[in-house]
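Each structure below is given as structure tokens.
Below are two complexes that have chain A in common, paired first with chain B and then with chain C.
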Partner chain A sequence: MDNLLALLRKACHAALLTLAVVVLNFLLIRLAPGDPVETIAGSMGGITDELRAQLRSQYGLDQPLPVQLATYVKHVLHGDLGYSYFFNLPVSGLIAERVPATLLLVLASVAVAFVLGTALGVLASRKPHGPLSQAITVLSMTGHAAPVFWSGMMLVILFASVWPILPVSDMHSMTSDGQGLAAVLDVAWHMVLPTFTLSLVYLAQYSRLSRASMLEVLGSDYIRTARAKGLSEHHVLYHHALRNALLPVVTVLGLQFGNVVAGAILVETVFNWPGLGRLAFDSILRRDYPTVLGVLLFSAIVVVLMNQLTDALYRLIDPRIRA
Partner chain B sequence: MSSPVSTAPAAAPVAAPAAVPHPARDAWRMFLRSRAALAGTLLLACIVAVALFGPMVYDADPFAIVAAPQTAPGDPDAWLGTDQLGRDVLAGLVYGGRASLAVGVVAAVLSALIGLTAGALAGYYGGGVDEALTRVMEFFQVLPALLFAMVLVTLFSPSLTTISLAIGITSWTATARLTRAEFMRLRDLDFVRAERAIGAGNARIIWRVILPNALPPLVVSGTMAIGSAILFEAGLSFLGLGDPNRMSWGLMIGSARPYLLTCWWAVVFPGLAIFASVLSISLIGDGLNDALNPKLRER
Partner chain C sequence: MTGFAPFLPRLRHALMACALSAVAVCQAVAADTPKPGGTLVIGTTQSPRHLNGAVQSGIATAVPSTQLFASPLRFDDKWNPQPYLAESWKLAEDGKSLTLNLRHNAVFHDGKPITSEDVAFSIMTIKAKHPFQSMLAPVEKVDTPDAYTAVIRMSQPHPAILLAMSPALCPILPKHIYGDGREITTHPANSAGVVGSGPFRFAEFVPGQRIVLTRFDKFFLPGKPYLDKIVITVNPDAQSLALGMERGDIQLLPYESVSTDLKRLQNNPNLTLTRKGYEGVGALNWLAFNLDRKPLSDVRVRHAIASAIDRNFIVKALHSGFSQVADGPIVSSSPFATTDLHRYPYDLKQAEQWLDEAGYKRNAGGERMTLTIDYLPGTDEQQKNVAEYIRTQMKKIGVTVQVRASADFASWAKRISAHDFDMTMDNVFNWGDPVIGVARTYMSTNIKPVVWTNTQSYRNPKVDELLNTAAGTLDATKRRAYYATFQKIVTDDLPIFYINTTPYHTVASKKLSNLPTTIWGPASPLDEVYFK
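Right, the complex of A and B next:
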């Protein structure tokens, strides 16, 4: 019962946070210098005053700001994100079209970084000064220092001209018919480089973090007790130590989800990945504000949901934390 | 405390307690002992020197066309080659460093100031203040910083100032969280209570009593923040949202991207410059972390 109540409170909290994102972003964009109608006019190459007035009323820009805000919030609550100035299509449709590609990239990268990173960290913690530990230190330094778009481009050079075994652009082959197992494999094949690029930064960081936290946990009393009881090293490592050692990694993962989404924008640009990042980027340059607001809202929702998920994961790993 | 073995001649002056070095000097010695930190400092010093004095030695316009487009490195007119328009890559590197480093430092200072203030107030006062500031932090945490900064920069037209502001405004939450935790840990300790008992006001306790004690981890995170801000600026410029009138490393990479396979040098060299800058800052940050955190010294 208590758990349910806590869950409800959390959901409420998340909903309010998302609402704040909607309201504040709307105000930010409306209060900034520049008139959206002029932007549309510019993209159409100059228009008459009549058409200008018509556009103004069509997009509700002739209303006072509080009314515009109320209308926008009401529409958003009904799942209507408005019409794109540029495409003249519903923003929700534009976003829905791009979401799968971005989610696929982001989730795959996080999964790779988390699983591979902790695995490397655990292995390295067995020999704190061994070659793997040193490799991880170097990897985490270089992984952090190289701009993600640049390391992506270095991979493009490598796999486009030096060693052409992987596709360096787009999500599908020209020849793919988009159906069946072949299409899935085709996408997976195209995903390899973008996923690796995006996960590299976090892979490096998580391996370092899990190594450090594993070393700390392995020095604690309860591990000594477990060993004294005569448990196998395997059991001690994976059933006793790993659980606690994972906690800091999960915490960082939750905090960084927004950064991963942001990194996806850069990686999508490098690899021509047809995701939300490029829609965001293009819309920002075109000052297509309804789409920009939609993308901001959507990425905020993704981050909020992921935070809830990491919260749940945290609880699963550490049963001491309840409510 | 009587000391039966005290055989010091009475004539000797009472020496200052030299056995206890000043903590800052101690940390400095630790820092110097780390080879990685020294290497980082040296590397950064070189990069900063090139950015500061390079333009005086190597007088060139980074936007000027000096040779045929996509001239390969090794050409006498352009040692590191030219980009797709025929602009000198070396001039870009030398002049672009100023923008990249300046934005990095200004944005990091700004985000440290916002983060410190918010974190200190939230951690010290707790209650309603903490609640309100935590909500603000959550707002900034759920919006992907790069995306939000892209919007800010476009809305207020890109210049080095707006870019620094946008990076500072969107990336202060990590510092704030850290400061908040430190202040919460320290605010009820005895030395703070003692200060309060002798009548020190809140402002004095926050800035003069707690902050100096909370400083070591904040110095480290502030150092690292410069590196992150450099990467952030590079990302923005790469996407074409940098200041179009100022050469920067990110801008070079972004504008040469379509020619990546025929003109790799225009992408590789500026990327290496960013990499070296951020790496050197990370090495310094790591060194500071070891030097300022006595618990880590044994390792």
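Right, the complex of A and C next:
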């Protein structure tokens, strides 16, 4: 019963938080100078007074800001994200179209960062002060410190002009009509660079985290016991130590999901990856308020859900948190 | 026997070509015989809002819209109207009506015939909803005496009507789709399941990503189009597009103006570059003054600023010679352009003298005045770099200029439409006829809080009168004379100092033949383009 109440309270918090995100985003985007009608005028090479006035009233931009906010929140509560000012298409449709690309990129990057990061961490923990560990630390720190758009652009330059073997832009070949396996391989080939770029930052974090966690676990009594039993070092590392050492890494992975989505915005822009991030970026430039707000709301919901999920899982795993 | 087989199809093509040219259908004297088939990938940085060029102007929409929709007329590379959907046409003696005789075999992509009803509907829709209001302003109605004759009736002679029949400006829409009573600017058929009248039919439109068009088999011009498919791929990063050209992923890159990219692509043995095809849009890169603000309201100050700017340096050094110096409000490739203009040769001494005469002497610090300059973000080479250059030049004559950057187009547009600027760099299109793209910048009746109107607040009754008279003058020679006088006056009043023509180029794979080099270039039907 207590548990159920706590969950309900959590859900209420999450809903309120999301609402606050909606209101805050709505107000923040209005701080950007210029409005969507100007951008539309720009795309048309000119506009008349009449059309300008018509567009403003069509989009409700001639209403006072609080009225616009109230209308927007009302629509959102009814599950209506509105129409894109720029494309005249439902925002929900535009988002749905882009979700798979972003999801693919984010999940692949998290997977790569997790697998490669832990592997490097474990490797480094075996001889924590050896040259291999030092090298991994330097690599991780560089990867973590470099802004993701910078490393992305460096990779573009490298693979575009110096060593042109990988595609540096888009998700598909422009001419491919491929179906089935050919299409899958085509996408996989285009994914290599963006995935690597996005995973770089998290790879660094996971390798540092798993290294530290491994070192801690390796110092504990049961590991000494395992070694004393005469188990092989390989068995000790991978069967006894790694399992426990992975716990904090998994926690961070869940909590950082939101950051990965944020990083995806930059990576998608650099590699012209047709996902939510690029949609958000382009829409900000166009002052396409409903689309920007829709993407932000969608991301906020995903992040809140992921956090709730991590939280709920924790309650199941660790009874001490249930209080 | 087998040895001859490969020659047979070629022979048949050659014979067909002979037959075609014999009936004078072939316009170009092509050395090769057009070969049908192939997918053409076109690169662009701008995503169109939708594909209906009747209610959305701008080149992003014009490129796909002119493939999807046919227009009454099209133009060759010398500004001559050519039959298109209209087999023949006649502008009445009094210039107040234009009769279009439509082809009898033309059908929309859903198989319904294209009739005069559709033409009347389209023209009245464009008049009501297209952003270029001056284009069809005098049109009162369109009569439809029979299914294949449309007569456009106008309140006054309107010679610009012929150019207004161009593919980019007058797409013919199906009335049975768009005439359903729904608001046409937000009609769903603008972006999905578009039913057109042109050489290519709609296959897919993914906003912000790509447009796919396929060959329309029942297009009214026999044998055309040659291509099977056109894919327009959107990539906001111009360099990625240039890279796509080099790799061969993209075969046509229109509206390319960045000199570093142009230089690189020019040296590629698989690519060709052409400047032809941009006479119609007539893009000018210029410096606009806000005449409502002191000291720019003083014509001597404007003359002085102009004299301190070396446009040869801009063209040669900043644009690597790809652009050309522009001297007047009408691009030199237009039939309305004149060479009898006031000119401002680069002369710093003269500039200083004019400023002295205007009473703006150097103060103790050597400074005469402080001004700001804005620029359109996004095309640094044409805009930002020129603004920076102007800043350093102005320093030489004692004018301190502060360059104001804008984060994006909307930020710039907000300042300019509010007339909140001293000087701004800008890039403005002539759009073929001065009535459409030139008059809007200078008419005192068009001083509005909107970009690309007369945001300079330039007022000259003589100019207003000349532009109005020229718009309604049928006699081509007289009309040109009015516009010549207008150009001379404007270059003397100098509300705008013209810097250069925007160096738009079409970059194409050498495998392509019959590149779009008419006055509207890539914003016209690509029905004759083919792969060698």
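By our rule, the second predicted complex is superposed on the first by the 222 of 323 C-alpha atoms of A that agree within 3 Å, B and C clash if a C-alpha of one lies under 4 Å from a C-alpha of the other, contacts with A are read in each partner's own complex, and residues count from 1 in each chain.
Quick note on the criterion: contacts are C-beta pairs under 8 Å (C-beta built on N, C-alpha and C of every residue); 3 or more make two chains touch, one makes a residue touch a chain.
In this text, all values refer to a predicted model and were calculated from it rather than measured experimentally.
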item	value
First (chain B), second (chain C), both or neither touched by A:E97	second
Partner chain(s) touched by A:L5 [first = chain B, second = chain C, both, neither]	neither
Partner chain in contact with A:A188 - chain B first, chain C second, else both or neither	neither
Contacts of A:R287 with chain B and chain C, given as first, second, both or neither	both
Partner chain in contact with A:P164 - chain B first, chain C second, else both or neither	second
Partner chain in contact with A:A53 - chain B first, chain C second, else both or neither	neither
Touched partner set for A:A262, first chain B, second chain C, both or neither	first
Partner chain(s) touched by A:L279 [first = chain B, second = chain C, both, neither]	second
Partner chain in contact with A:T142 - chain B first, chain C second, else both or neither	first
Residues of chain A at both interfaces, chain B in one complex, chain C in the other	32-34, 160, 285, 287
Contact set on chain B toward chain A in their complex	135, 138-139, 141-148, 150-152, 154-156, 174, 227, 231, 234-235, 238-241, 250, 253, 257, 260-261, 264, 267-268, 271, 274-276, 278-279, 282-283
Complex contact set, residues of chain C against chain A	39, 41, 46-50, 56-61, 129, 131-133, 185-186, 190-191, 206-209, 231, 233, 235-237, 240, 243-244, 247, 249-250, 406-415, 417, 429, 431, 440, 448, 450-453
Touching residues (chain side chain A, partner chain B) in the complex	17-18, 20-21, 24-25, 28-29, 32-34, 141-142, 144-150, 153-154, 156-157, 160-161, 255, 258-259, 261-263, 265-266, 269-270, 280-281, 284-285, 287, 292, 295-296, 299-300, 303-304, 307
Parts of chain A lying in touch with chain C, wherever the complex brings them together	32-36, 38-49, 51-52, 58, 83-84, 86-89, 94, 97, 160, 164, 168-170, 173-175, 272, 274, 278-279, 282, 285-287
